[in-house]
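Take a look at the following structure, please.
Chain IDs A, B, C and D follow the sequence of writing; residue 1 opens each chain.
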Amino acid sequence: MKQHYEVVVIGGGIIGCSIAYYLAKEKVDVGLFERDRIGTKTTSAAAGMLGAHSESNGEDTIFSFARSSQQAYNELKDELYTLSGIDIGYREGGILKLVFSDADKYRLTSLLKQPTVKWLDKEEVKKMEPMISPNVLGAAYIMDDMSVMPVQTCESFANSARILGASIFENNDVYKVEEKGDNYLVRTTKGDVEASYVVFATGVYGNGLFKQIGLDEELVPVKGESLIVHNEKHALKHTLFHESCYIVPRTNGKLVIGATMIENDWGDSVSLDGIKVLIEKAKSMLPSAIEWKIDHVKAGLRPSTFDGNPFIGSHPEKEKILVACGHYRNGILLAPATGKMICDFILGKKMNREWVEAFRVDRRQSMVI
Amino acid sequence: MKQHYEVVVIGGGIIGCSIAYYLAKEKVDVGLFERDRIGTKTTSAAAGMLGAHSESNGEDTIFSFARSSQQAYNELKDELYTLSGIDIGYREGGILKLVFSDADKYRLTSLLKQPTVKWLDKEEVKKMEPMISPNVLGAAYIMDDMSVMPVQTCESFANSARILGASIFENNDVYKVEEKGDNYLVRTTKGDVEASYVVFATGVYGNGLFKQIGLDEELVPVKGESLIVHNEKHALKHTLFHESCYIVPRTNGKLVIGATMIENDWGDSVSLDGIKVLIEKAKSMLPSAIEWKIDHVKAGLRPSTFDGNPFIGSHPEKEKILVACGHYRNGILLAPATGKMICDFILGKKMNREWVEAFRVDRRQSMVI
Amino acid sequence: MKQHYEVVVIGGGIIGCSIAYYLAKEKVDVGLFERDRIGTKTTSAAAGMLGAHSESNGEDTIFSFARSSQQAYNELKDELYTLSGIDIGYREGGILKLVFSDADKYRLTSLLKQPTVKWLDKEEVKKMEPMISPNVLGAAYIMDDMSVMPVQTCESFANSARILGASIFENNDVYKVEEKGDNYLVRTTKGDVEASYVVFATGVYGNGLFKQIGLDEELVPVKGESLIVHNEKHALKHTLFHESCYIVPRTNGKLVIGATMIENDWGDSVSLDGIKVLIEKAKSMLPSAIEWKIDHVKAGLRPSTFDGNPFIGSHPEKEKILVACGHYRNGILLAPATGKMICDFILGKKMNREWVEAFRVDRRQSMVI
Amino acid sequence: MKQHYEVVVIGGGIIGCSIAYYLAKEKVDVGLFERDRIGTKTTSAAAGMLGAHSESNGEDTIFSFARSSQQAYNELKDELYTLSGIDIGYREGGILKLVFSDADKYRLTSLLKQPTVKWLDKEEVKKMEPMISPNVLGAAYIMDDMSVMPVQTCESFANSARILGASIFENNDVYKVEEKGDNYLVRTTKGDVEASYVVFATGVYGNGLFKQIGLDEELVPVKGESLIVHNEKHALKHTLFHESCYIVPRTNGKLVIGATMIENDWGDSVSLDGIKVLIEKAKSMLPSAIEWKIDHVKAGLRPSTFDGNPFIGSHPEKEKILVACGHYRNGILLAPATGKMICDFILGKKMNREWVEAFRVDRRQSMVI
């Protein structure tokens, strides 16, 4: 381990690994520290939907940010494969945001104004997915939403970063960050290291460090449980989505049914209750899902901020401490744009002002008055 | 592989392994052939309840047979451990056969006459299991039913048999049994072997062989799915049982929730539907079960006969071909008595006439007239 | 289950699934029966190298067959993905057939005459794979050999076949094939079915059936054990190959180290001896491999014929019984060409005469005189 | 979560769980905080040998401490089973400390003086373990060393503690301990809690907290890798031991081959190098071990102190902060005595002075002069 890195990134989920990748691509000397192994916590429990539209009404700031991030994957998929040899499992096909009631449809009003979104009536949905529930009245077909496989994407970022010169340390817990002259001293289980910049990409596990560096925010975990299943008989072609539950077909032939939303549960086991809820939800969208076979289950802790948007930017008082946390349900989707933005902060590049404002770390304080 | 065994046993589930054990104990030269690995099919999906009472009304022939088998485990647990070093996970504590309605209670009438069974009213049940459902009106407390861990029990039989001189061949499929003079020629993937006696302990997988040897019976698979779970907070002390579903606490700290009953399904995957049914059933007995965490799932094919009782005895025309099949829900419970009985057949010992009649292979034919 | 299929395929490994796919594509009514689940036996233990050159001297009949099969994957990868949504993990990069001695190099003489193979000296190898052993003297660089992920490829064949109309039955053992008029009666655990044609794609597990249909050949299992590993630090770009051992990097970021060759072992466990041999072999090619981390182990039974070539063609006396067995080390590679060839047999299409002769089922008998 | 506990224990490995158990038994109000899940780190990678003699020369202080701890298991096994229903896998049979050379034998001199240890010559060893290596010249037979199953033992401690009233919090990281009046404020991911006493049972993961509370010691990880295997053919009756490697047969029919010693490696993956070393070592003791089949692999980080003995006792300046760390290779063995001793500290009971001195947290400082 070197004694000094220009940038130390804390956290090796998909956000941290994307940051390391973008920095390494710009030849910045970067060291990343992960407490466990790369991509084994929240990242590993994500479904990997790149649903720029499906998680938004298509009008807010987060939408433009998400859309730019989603589009970045288009090039990244080849770029990362060429560097790392790891396929990110990119899958097109689009998302069907299902409508079971007038209220459901009403909520899609602004989404349906997007040029890449098309209304499908009951018959059209049935034509695209013949096994769909007869209770479905129609769907917003988001034509260019896609999905990736989260763990492989994270590993692909990490390995590509390594190949470009980044140092990535697994099983290496950072327990303290201290100021030391103009630099920061990052204290880790394997020893101490200095850095000019420190980036927190810790997910919900970094609350303790937040306090140490005087950040008055706390990320709340919202546990999400998923089922990974397979299905011998009929392929699902499109991701189905309704009321924050979804069924995502993957390029390895598995399907992910997700996800529950359990606030303030720090465990990563999957409860019988969670499984039951997911099965019922899948059945309501696709009755034949009840015949699917289970492979395994998975849970992860989504890091949630007070307003649902991530923190991306500098510490209010220490500009060389950067935060990239709180991506909640959208870590996989937002990883490229977050990586790029943190890299731009460090290199002093020009950035989208709207995004900078929307994701400011101290935005709650400014709101207060 | 030797060219001749006195007895060849086909099938290495718990029935076959018990037979090999009892024969080896009597110094009979026995070779057992298992298509996969010992104890990995139906045996591995059993909960291991030794419910002599819970699966019966306490009055029929099968009850006396089951009871004798259950009691054999009392000595077997130490005998097998001493020989093989493998603990069978024997667990006392009794079974609570729950009553939710008058009809439920009525069905327990004859069971409650047994000296080892005691009626508990609502409050008494609650005292024994504080988290029990408020809908439970009472329970038959079967004081001396116990449970074992099926895979370890099967391996303990197999290894003990080996130590006593039996030969056990895994990954060795028997595809044909032919007469050859006074002997039988058993044709296996690894080569042919002769035997004076052949014992079919094949479970549902032996239907093809049955036809070859002129046996006009077919075992129907009744798939059973289970959940293996754990539970950090409160221990369950007793096995709970209601309408062919159960929750069995094990000596390794896990609990088994079983089991569905799906006729004519030959697969060994676990469907979302099966999981859902089990969770609902567990919840109806113990509402807090909904918080339990899942470890894994398991399915097996119970081999069912036309009348629900096993076939234990000689082929109607070829007395040196023996059958020990069709143990349905009770393979683990009945393994010792079945092993003993097949051994007695071969050694020409005196046997309980009632059992011999009840389990005769050609009993359907005799019924017909 | 229907009562009649035009073609019944026995065996759901990659050979059987490819056959079902090619038949379904030609609108032939096909039913496939697999004893366990699709792709879970020998197929699942393959590394997936499509080494048309690496397993051959580049001059024999099997080479032209292998080469045509390898090239078929080029189109199949997209065709199968479009139909099934399952990515086959196709990976280019080429194979380095390493040379440690003059004898090694001598054995490559004819291979090096191929237009797609290039000799690399020590320095050139080191440039391509910096961590290569200093004992490597050079390598034959087979530029266009590639690899796929075997299980996903098999599932992609199976699901694509289903989508094109094939019926695929899992957990369904065929225990007998009988003549019945002009047809065959195929007896399975789930019931009987008739077929005009029956194709044996059983691997080593079909020896019993072979005898039943009067085929005087026996496939010998050659067990192959593999390690699946990962490696945090440096990517391997090319498959390394030496003396029937190899290291194959996969598109999911894992590496496969294979494979031992153990004759007449029918088990599918991995022995400590096998692991030791593989580690030593990997280390001899790439010393730093010793630092890699293990994920899991796997074993499968390669079906070997008397001369190392597969049987592809009709039963000598019953032309509507076809055999596609004995693909030994090359099942994944040869699956497309075998599927195509069996399909051509059934449709009475013109075939490459050289291949037909080389893979005839009764070629041993013709040799004898 | 309550706001105050009399004692907070940090760390839910076997040491922490034993402490919680002994405290709860004395009706002390105890809360335990574990970052992951109970018993899933170092504890889960232990073989479970209770080798009071095998790890010591039988003369030092640690021996008398280990011996008392070992003997405590004799009662604990029933006590814990009765409370928790979890069997700890207690297995007698003794340990054979093998001798391959005169030097080996010389090292056993003082051990052989123990009344429970017996010298066996080559023939006697062969009689006890017929498959032993022909290179073995003899063995010290430690008659009453036994083994347990570490994870089940840890869970049995934890669940018994719960049943006696302890609160055990999983997935709950303690990131800071601060003084607050006469109490301590323990800050955790799930919120803050106060305690009169704080016990550190953190293993090697607590180095960061040590610094926070002014403890000038650092535990060094010594990674240990193990193979868990099974063996169809012949049972091993006794634990074999040579040069810090061992083969331990378990009551579930598996065998553990352990363990490597890799200093300063914080990862918990198992490397190919480690596996190779273990296989060679097992083979040197028992040549036929090479045929065993692998089930899985496991690694854990032994927490090592400067002198190899654990720290058990008060913080030098803050007597209500207690430390129970650094149990190195002997966590499972020493858990009961450590739990008892910490409990005695807190209750102000009389303790063995020799042990108190030997395990003092500040013993290095006193040595210095």
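Everything that follows uses one rule, which is that a contact is a pair of C-beta atoms (placed from the backbone, for glycine too) under 8 Å apart; a residue touches a chain by one contact, two chains touch by 3 or more.
By chain, with names taken from UniProt: A, B, C, D = glycine oxidase.
Owing to the predicted nature of the structure, the values given are computational and were not obtained by experimental measurement.
Participant: How many steps does it take, at the fewest, to get from chain B to chain D if each step moves to a chain that touches the one before?
Facilitator: The least step count works out to 1.
Participant: Could you label the chain B-chain C interface same or different, taking same to mean over half of its residue numbers are used by both chains?
Facilitator: Over half shared, hence same.
Participant: Greatest Cα-centroid separation from chain C: which chain?
Facilitator: It is D.
Participant: Let me have the rounded angstrom distance from the C-alpha centre of chain C over to the C-alpha centre of chain D, please.
Facilitator: A distance of 48 Å separates the two centres.
Participant: Just give me the whole-number Å value for how far the CA centre of chain A lies from that of chain C.
Facilitator: Distance between chain centres: 38 Å.
Participant: Considering chain C alone, which of its residues make contact with at least two other chains?
Facilitator: As it turns out, chain C has residues touching two or more other chains at 170, 267, 269.
Participant: Can you list the residues on chain C that touch chain B in the complex?
Facilitator: 37, 170-173, 175-176, 187, 189-190, 204-205, 207-209, 211, 264, 266-269
Participant: For chain A, which residues are in contact with chain B within the complex?
Facilitator: 227, 229, 267, 269-273, 275-276, 279-280, 282-283, 289-294, 297
Participant: Contact residues on chain A for chain C in the complex?
Facilitator: Chain A residues touching chain C: 38, 81, 84-87, 89, 91, 93, 152, 155-156, 159, 162-163, 168, 170, 232-237, 249, 251-253.
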